[in-house]
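In structure tokens below, several structures.
You will see two complexes here that share chain A, one where it goes with chain B and one where it goes with chain C.
Then we have the complex of A and B:
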């Protein structure tokens, strides 16, 4: 174990140095190619401390400090996937992949993927595709952040979504991430999404912690490329346990005319840090990033966004809502950057928070950085409580206070839920939020097999 | 000269071109130096310099200790780099830390004050002379480092109000100064506060006794005159229970090629039910169009609302300085206390400003309002940076923040960095910010009514800043309005 003051990443660097041969042997050349430079960053850079700019409430050093186990020999985790996880989003027909820690299981549904769509492991690619993979892998995320460099240093496989030119996927793709195992473990997850010209897809990612899992850590890096006029809706839902730490970084580049929708939904978690780095590189891009977080007990939820308007005539909108109770700790740090020459940019950002009990805290830092005059940009942030008059009104109509509070919170979250465009998912989300707010665990015991069943029905 | 490079140069925009380019070309009105004999210490900074300053001012032992502690602490610090500013390396050894107008026998009346000095102040428009006294101001003018003259002192003394230079206060009211100096901004606060605490030369001291409403506006003018010098003044204002004071501060500096450093501290203590209104019109020399010269304005301003039901209001019009680093703040410790911050910051040429406020809510039912208006032109960068913090025990806190930025020209930048930290569940904290250029619709509307583009821009900018200008005391509002006009010369009617 490392002392708190030392760089906790060094333990992983040591581990890499000891086992580099094993790690490389169980991986592909495009992934191995970046390890040397990743190692330099891991050894050379410190993780940002709590309280430093953009990390006001999150200590990545604390997150990475425990001596997590890693599955570097790629032992197959033989978890009974269907029985073990509670997916909160059942009864939906999706193409499903299940990731237990960082071992990827592809469901039979994937054999029925339409033509022009690849949804597979990196390791399923043939060697002729390696060059193509190397053209994207690590190129969008880069290695500037030490936590991303660590992921790049240790990642041995990942999931690939590639939708060819002009292909419109009618059914959503779904990834269920599951933390499992009786030991402290770190999952190193990697996702690459390449949406070629005029393609369209929806992707749902659900993060869960298995019932038996103890302290665990998920380090994930997603790289997403939207080429001309591509459309992607991405829903990322976390419904994990208190003992789970999550450090997720999502990097997106958008080309001309592309549309991106991201909804980040944190229903239950331990410590969560989500980074979104979105670059609008072509004209007429449209981006919506929504976020919804419900925190209770000692949960920590930290979302950080950075939207870079590098091209003219793009539109972006961010909307993040938090409900915090007990001693939950929320943070939102978002920025809009408009580069010189990015005229006719329209960019909005809104962060609304409800602090529902005495010990909860919220830190909000919405930022604008604008180097071009012909723009319309605004941001707003408000932190407060439920409207007492509305509560009173509802009570005078005979609604018990607890129900009234829940209804108001539900209503507060509704504009994020309404942004969901996946059929069935918004209704389901409403139910989940309702359960979560009424204090029940959001996972649906009654549906524990449904996701996998659905998936298998399709296969 | 601003060059507009844009693909969609429509007509109204191209009409605006000459207007906007003039914005960056407006000359600095206060760019004259005064040829007064000055007593300058050679540039360098060490303990001997600190001791020299202290000795020169005949300070007591405790103050020298304070300075030395600050200096030793300063030596352990490095210059802060977190602001959105591109600050060139500053050689603190190349600055003279003592530049005083040479002391002849102390002037007994205005007639004895060096006429050239009076002329300087006249050109600054300071109402130092008799006819200006009708304006009802008491002025303490600080030139380079030393307080030159305080007017109306006797009249104020009748009411028990102390308004004098801080060095006089150290001699005459050592207990008060000792009690309050460094109590709001400690020498350990930040790099520039430590530097100021070590080498501060003079400044103003105001004490308003219990229950006294100061009948006139108190005013200080700061001016850096000698070349290669820094100005490190320190202002300390204490408003005792039920007191009221409105305090004005104006700043100018002559045109010089090299950069001058200004690192000041303002400390304000507001007791039960007292009210302090602090207004600043800052117009230090901003450097030329290529960014040569200009004043580095690194100021720590903070007020402690210690008493219950008290109020502190900061109003600032910032048009000068090559680089501004300034966050007038309120620590709202007393229950029901109120903090306000109104700011207009104009940057043009190569100016950089990172300015804003901190509202730290500690007491119950404390309220704060922040209204910040930024105007950027030329190649300048203008940032708002503000903190609203609600401590865990501060129940019933209310904050409203509005911060707007106006961009005049394609090469400037406007940035907003608000930090909102709420640790109490009964607080309501709101922040809103918008950034845009002058609406072409509004311009078109004015043109259509026969108002030329230039006047229309002036009209719109004035309207935009009005919310803040209205908060300035009358005498200052006129000057601030003029300053805004000079700053945007050519584009403002």
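Then we have the complex of A and C:
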């Protein structure tokens, strides 16, 4: 195998060239169709290094540099992970798919999906659907970014959510992503969500690392289409190990009157880069993107948003909050672009951060580009320490300092937690945040057991 | 010998190197109400902050014992557990922390300190209900974030409610009358009086005689330039109300001038 080279993309290009037959054979034509163009990008570009434009604090070059193994022959995980897995969100019943690295297991709950909803692997589609899939796959994300091109070069399967016109799904869909295995491994994950006209759904994604997993990396590209008046609530929660790298790119297009809510919750991680590219293409779209990040030790959390108001009379709101301690490194770069003609745009962005230690650092860069009059836009960023007056007030009432600090941090996050509309998830989230802030193992306990089981079955 | 609940001896303290308290001596017995009055900037609020343990202030000399326990060695939370309560002049708003969670954390931390089991949910809510009645605090306020969006009067009532919940041995009320209309003042003072027993004590810090019509003091102290310069009965407060502080200031400043010569 290759060693980590100056341009880590080349090691994957080599791997692809060597194994292209296997990769293509174990995949399907709509995915294979894009590999040639993806390869061109991969060999022709460099991954951004730390400090380059839009990557002030994250080096994708470094992130992809280790010589990760890939499961290109699609070896199946023997254990029935889906059955063993039990998520810790109490009193919450979901349609569940479990993704171990990049192998997708559909749970029994999916056999009871209502009519008009597909939640399955790309590979479960019949060939008659391939043309439909090719109409979306790779079309929203494009190939302009090298990490996305790399994902497109290597992806062999993915998850599809399709909610047909007028269908309102009352029970949430859930994807649990697990990293597992005793060797350094990269998971190449794809998600396509197509919400047809007037449809409605909630999707919860949980990213975990199995106990046995060593250094690992998840590269994920999600493409989300909201057609006219569609509504999607998407909760993306990461609770991974310190040895986990995550590079996630989420692309959304919204048509007229559609509603999107995204909450990106980083409870625990190694190094994480999340990109959100959201295009509002029809009038009267509504978009809320909330983010909550808790960083400690040497964790790195980098969120990057780009919201494009391409149509008039849309409303978008971004709210990102970080609590950083120890030597944690946080970054938020958010841009709002208002295109010519997008009159009556309302767009707000807020980034607030608490630095709870001397060594923690936060980089915040809000950006507004407005090419249209008659809009309301604002952005704000503030980074500071815990409110010392509030801390003293609480202590005079007998609340020990550590508890008071935790309560204040939790309170600081409360408006992001309150944006969660999925029943049961707010309470669960409050508990998880509380546990995380109290410095306990901070893992979603129930999940951890099954992660451990899973890892042992893998090895 | 008379029992002492609070005994402050030669207390010196300041902030950022500037000495504000220059040798406070004060003894408070069980069942007593003491009023501390004085002109602006004399150190009244500093005294309350220092006794409560605000880390912004540093103590350079002296001691302060509550029922025999040296407060100055303790964290603010342990001072509270030992029975000290400070009603803030400006109660702090804490968005996102509900009154219920705040109070539960406070009550159970004290119980833990005293080696007692935490209070169960229903017992706790029952206690909240009982104590709310002391200051006629609306249930709606109890379910909101701590002091957030409370009016001035509601904030002060909330302070006395917390005092009722924590049952302190010694309560210091720092300018509790500021920002209160007559009705709110009556309710707040009424709450304080209901909580009085022959075992606890109250220090009332105030500018005005008005509050002392409602909370009747046994002793009145005048604080000036970081020292207690005069102590008397309730009649001293009336005298101050009539004559202002200038006569005391002149007397003290002249004496200091004499001494300097």
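What we mean here is this: the second predicted complex is superposed on the first by the 428 of 459 C-alpha atoms of A that agree within 3 Å, B and C clash if a C-alpha of one lies under 4 Å from a C-alpha of the other, contacts with A are read in each partner's own complex, and residues count from 1 in each chain.
Operating definition for what follows: contacts are C-beta pairs under 8 Å (C-beta built on N, C-alpha and C of every residue); 3 or more make two chains touch, one makes a residue touch a chain.
For clarity, every value in this text was computed on a predicted model and none was experimentally measured.
In this superposed model built on chain A, chain B and chain C occupy separate space and fit side by side. Seen from the CA centre of chain A, chain B and chain C lie at an angle of 70° in the overlaid model, rounded to the nearest 10. By the touch criterion stated above, A:407 is placed in contact with chain C alone, chain B being left untouched.
When both complexes are overlaid on chain A, the residue A:427 reaches neither chain B nor chain C.
Once the two complexes are overlaid on the shared chain, A:415 sits against chain C while remaining clear of chain B. For chain A, the partner with contacts to more residues, out of chain B and chain C, is B.
Touch criterion met: A:370 reaches chain B, while chain C stays clear of it. In the overlay built on the shared chain, the residue A:394 is in contact with chain C alone; chain B does not reach it. Legend: residue contacts after superposition of the two complexes on their common chain; A:18 is shown touching neither chain B nor chain C.
For the overlaid pair of complexes, the smallest distance between C-alpha atoms of chain B and those of chain C rounds to 14 Å. The intersection of chain A residues touching chain B with those touching chain C, taken from the two complexes, is empty.
Contacts from chain B toward chain A in the complex involve residues 6-8, 82, 84, 392, 405, 407-437. Partner chain A is touched in their complex by these residues of chain C: 52-56, 75-77, 79-81, 85-86, 88, 91-97, 101-103, 105-107, 109-110, 113, 145, 162, 166. Within the complex formed with chain B, the chain A residues making contact are 53, 56, 312, 340-341, 343-344, 353, 355-358, 360-385. Across the interface of their complex, chain C is touched by residues 387-390, 392-401, 403-404, 407-408, 410-415 of chain A.
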